[in-house]
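Before any comments, here is the structure.
Going by the order they are written in, the chains are A, B, C and D; count residues from 1 in each one.
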Amino acid sequence: MKKTSIKSIIEDADSVYGRIFDLFIQVLIIVSIVSFSISTIPTINTQLYLILELIQVITVLIFSLEYLLRIIVADKKLKYIFSFYGIIDLISILPFYLTVSLDLRSLRAFRLLRLFRLFKAVRYVKAVERYRKAFNTIKSELLIFAIATVFLIYLSSIGIFYFENSAQPENFSSIFDSMWWSVATLTTVGYGDVYPITTGGKIFTFFILMVGLSVVAVPAGLFATALQEAHKSE
Amino acid sequence: MKKTSIKSIIEDADSVYGRIFDLFIQVLIIVSIVSFSISTIPTINTQLYLILELIQVITVLIFSLEYLLRIIVADKKLKYIFSFYGIIDLISILPFYLTVSLDLRSLRAFRLLRLFRLFKAVRYVKAVERYRKAFNTIKSELLIFAIATVFLIYLSSIGIFYFENSAQPENFSSIFDSMWWSVATLTTVGYGDVYPITTGGKIFTFFILMVGLSVVAVPAGLFATALQEAHKSE
Amino acid sequence: MKKTSIKSIIEDADSVYGRIFDLFIQVLIIVSIVSFSISTIPTINTQLYLILELIQVITVLIFSLEYLLRIIVADKKLKYIFSFYGIIDLISILPFYLTVSLDLRSLRAFRLLRLFRLFKAVRYVKAVERYRKAFNTIKSELLIFAIATVFLIYLSSIGIFYFENSAQPENFSSIFDSMWWSVATLTTVGYGDVYPITTGGKIFTFFILMVGLSVVAVPAGLFATALQEAHKSE
Amino acid sequence: MKKTSIKSIIEDADSVYGRIFDLFIQVLIIVSIVSFSISTIPTINTQLYLILELIQVITVLIFSLEYLLRIIVADKKLKYIFSFYGIIDLISILPFYLTVSLDLRSLRAFRLLRLFRLFKAVRYVKAVERYRKAFNTIKSELLIFAIATVFLIYLSSIGIFYFENSAQPENFSSIFDSMWWSVATLTTVGYGDVYPITTGGKIFTFFILMVGLSVVAVPAGLFATALQEAHKSE
């Protein structure tokens, strides 16, 4: 088999073999992720664990082979190595080789970065294109909202620290601890692990939520409206 | 009574008798559902329980009769049997007969599927039509969001597992357990049964929420905007 | 003073005395509500409690006098008595007289219905007019969403009852108990008093939330869009 | 150096030295805030605490010098002193001098008001301008929603007090305590520290949420739509 035909299989998603290759890699990514997920269950028996380990070794070897092939067939090898997908491909296999000798098993989670490869499959779908367009329209708005959210979280952390620190020194021990409360409250998640108990803190929470809800929920609304605009303009 | 007139009563919702028949079935569905719901209360006395059981037996018998009649009067019997409503009609009565002999009482809940029959009553309402139109416009967007949500939940499960597994091995025992946290957090439900306690996990939660809120809440916004468009275009 | 001039003071909000009368009643409503709220605090001393009781007796007497006057000056007495505000005026004073003899103190809360009188003050504000217009535009959509929400809550109650009843018989003891979970979950409030613990229940929660979030949050979006339309059309 | 050149450095953000001066103050604000935040951590050692205190003394001294310079170079001294930024500048340094002698350390948190100075840096950014425009469009709508929210919170407080007071006298001891429940519920935060346990209270919660969700979440949607309009009109 000539290098050019291997090249077309790996890089050209439009050819028949290229499609099969892409699909094979995508299925393998899902197999790798599912087997990794199952292997984290502490109650599975040793036999199943070994099988899952074996699957992971095999998938990483195939991914390594794919990585080497991609370098070999690339016209500009350095460009691929330092491209977004090139770096992801490397990061997703590197931890495996490092953890053979070292005790860095948790690094293996990096293989999930391979998930981004799945995005390639939807790259040409029209609706995805619409999302990219909508995202570009509101990019600067989203940035400002991110800044406003950080600002709001800091402000409310100072405020709640001032009100609750003396009443609940263990939950609101510092500004940084209070930030955790701010995140859980302004996003309306409200786990209930920390909450104000003083009257001042409760009134402060009311006011910060009145302002906060109008800030934190806006990006989703912006996205929806921009998406609709992109839809109409077609 | 001729077969054709029974046919018109059962199938033709526009005739007077057809309307009465439809209304009778709809009232019966609600009676069946309410009596089923009440019968699940563990503290009701035996007498009431027997009355509710009786109501359920009678309603199922009527629904069975209706099902048979619908098959008899249908021009294309197989088409009805395998149609959406045909299957629902069967599933909603079948469990009753199975549970007479077997201990599969929980299957009786399938009778609630009859609720879908109620939708027939609103089928021709203009606003419902608008919903269908709005839904069709954003179908592909909703699909992408569903995929993005699943992707986001998986990503955040891996992340929180990495941060919290060693600190809370009982709550974040595996990727699948961590997924439950992801679902409760990204939807902002936040029951408070599982939440991060490490600093790393809390910072991770902040970032995942910043991205997540802009994804999970978008479908509702999309729906609202599409609905408004459908409204204006009339 | 002639009857006609009293009539103009009570019914004509545009005359100088009419405005003063309206403002006086509105201030009195707020005084009545604030004193009622304070009187519910269990730790206040007897002296303050008696003062608050006195304020409430006086305000109710004035409201009673106002009610009688409104009947006297009305051209069509029965029309006023059975109008929206006529009924509210009666309900807000009636419990007071009933509770003098009977132990129905809690009925006194009905006086808060007087709050609706405050709406009269904003009746002619332009932005309020816009709200009414926006509300009228989406009335039928909101109704359908209310029905869909009730339907969704019932469906998810059955589902979670099926999954969790045997594991948590005290929290999910009947369909009606499960409904409380559905309400707290689909609105994303998530108090954390009841939550699924079985794997099946958790997966079911995920799916019901995926659908539910796109339904429950839509009315707010609809309102926002309709309001913007009403704004633009001016 | 002449007074006019110092004036241009301090007041003219367009000159080279003016820009450097602005940037220097902004960096100092962030240094001051970060060091303040770290100094609230109770577990830091004495040495670090003293360094952080020193940083705070130095930054306050520089801010004081800046405040005096701004008064000296201002053409209309009183106008600056009573301007928005003039008052903020004073409030952010005053607590420091008060707390040297008095035990009012918590007042030091006012220095965070200096954060508003950071807004100056983004004042000329186009997207911020868009926000201001969007905010102005919906100002009256937001006000009405604020009133409606307060009204709704009061109404639901009375309601839940009526249902839960006798069952949970410690959590719903007065209307004001019930308000805390209303805030946590209507914003869907749902900490889980207070929640209804009676059947009446639960049904009431359902109805109040059906109405409340359509009110509390609207401002965010309004903002998103107005922002999109401002974007399109450019």
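Assorted remarks:
In the analysis below, contacts are C-beta pairs under 8 Å (C-beta built on N, C-alpha and C of every residue); 3 or more make two chains touch, one makes a residue touch a chain.
The model shown is predicted, which means the values in this text are computed figures rather than measured ones.
Under the touch definition stated at the top, chain B and chain C share these contacting partners: A, D.
Shared contact partners of chain B and chain D, listed by label: A, C.
Where chain A touches chain B, the two copies mostly use different residue numbers: shared numbers make up under half of all numbers in play. Counting C-beta pairs in contact across A-C and across A-D gives the higher total for A-D.
When the CA atoms of chain C are superposed on those of chain D, the rotation angle is 90 degrees to the nearest 5. Centroid to centroid, with C-alpha atoms defining each point, chain A and chain D lie 30 Å apart. Each chain gets one centre point, the mean of its Cα atoms, and the points for chain A and chain C are 43 Å apart. In chain D, the residues touching two or more other chains are 176, 188-192, 216-217, 220-221, 224-225. Chain contact summary for the complex, chain B toward chain A: residues 137-138, 140-141, 143-144, 147, 151, 154-155, 158, 161-162, 165, 169, 173-176, 185, 188-192, 195, 199, 202, 205-206, 209-210, 213-218, 220-222, 224-226, 229. The residues of chain C lying in touch with chain D in their complex are 33, 36-37, 40-42, 106, 109, 112, 115, 122, 125-128, 130-131, 142, 146, 149, 153, 176, 180, 183-184, 187-193, 216-217, 219-221, 223-225, 227-228, 231-232. On the side of chain D, the complex with chain B involves touching residues 188, 190-192, 221, 224.
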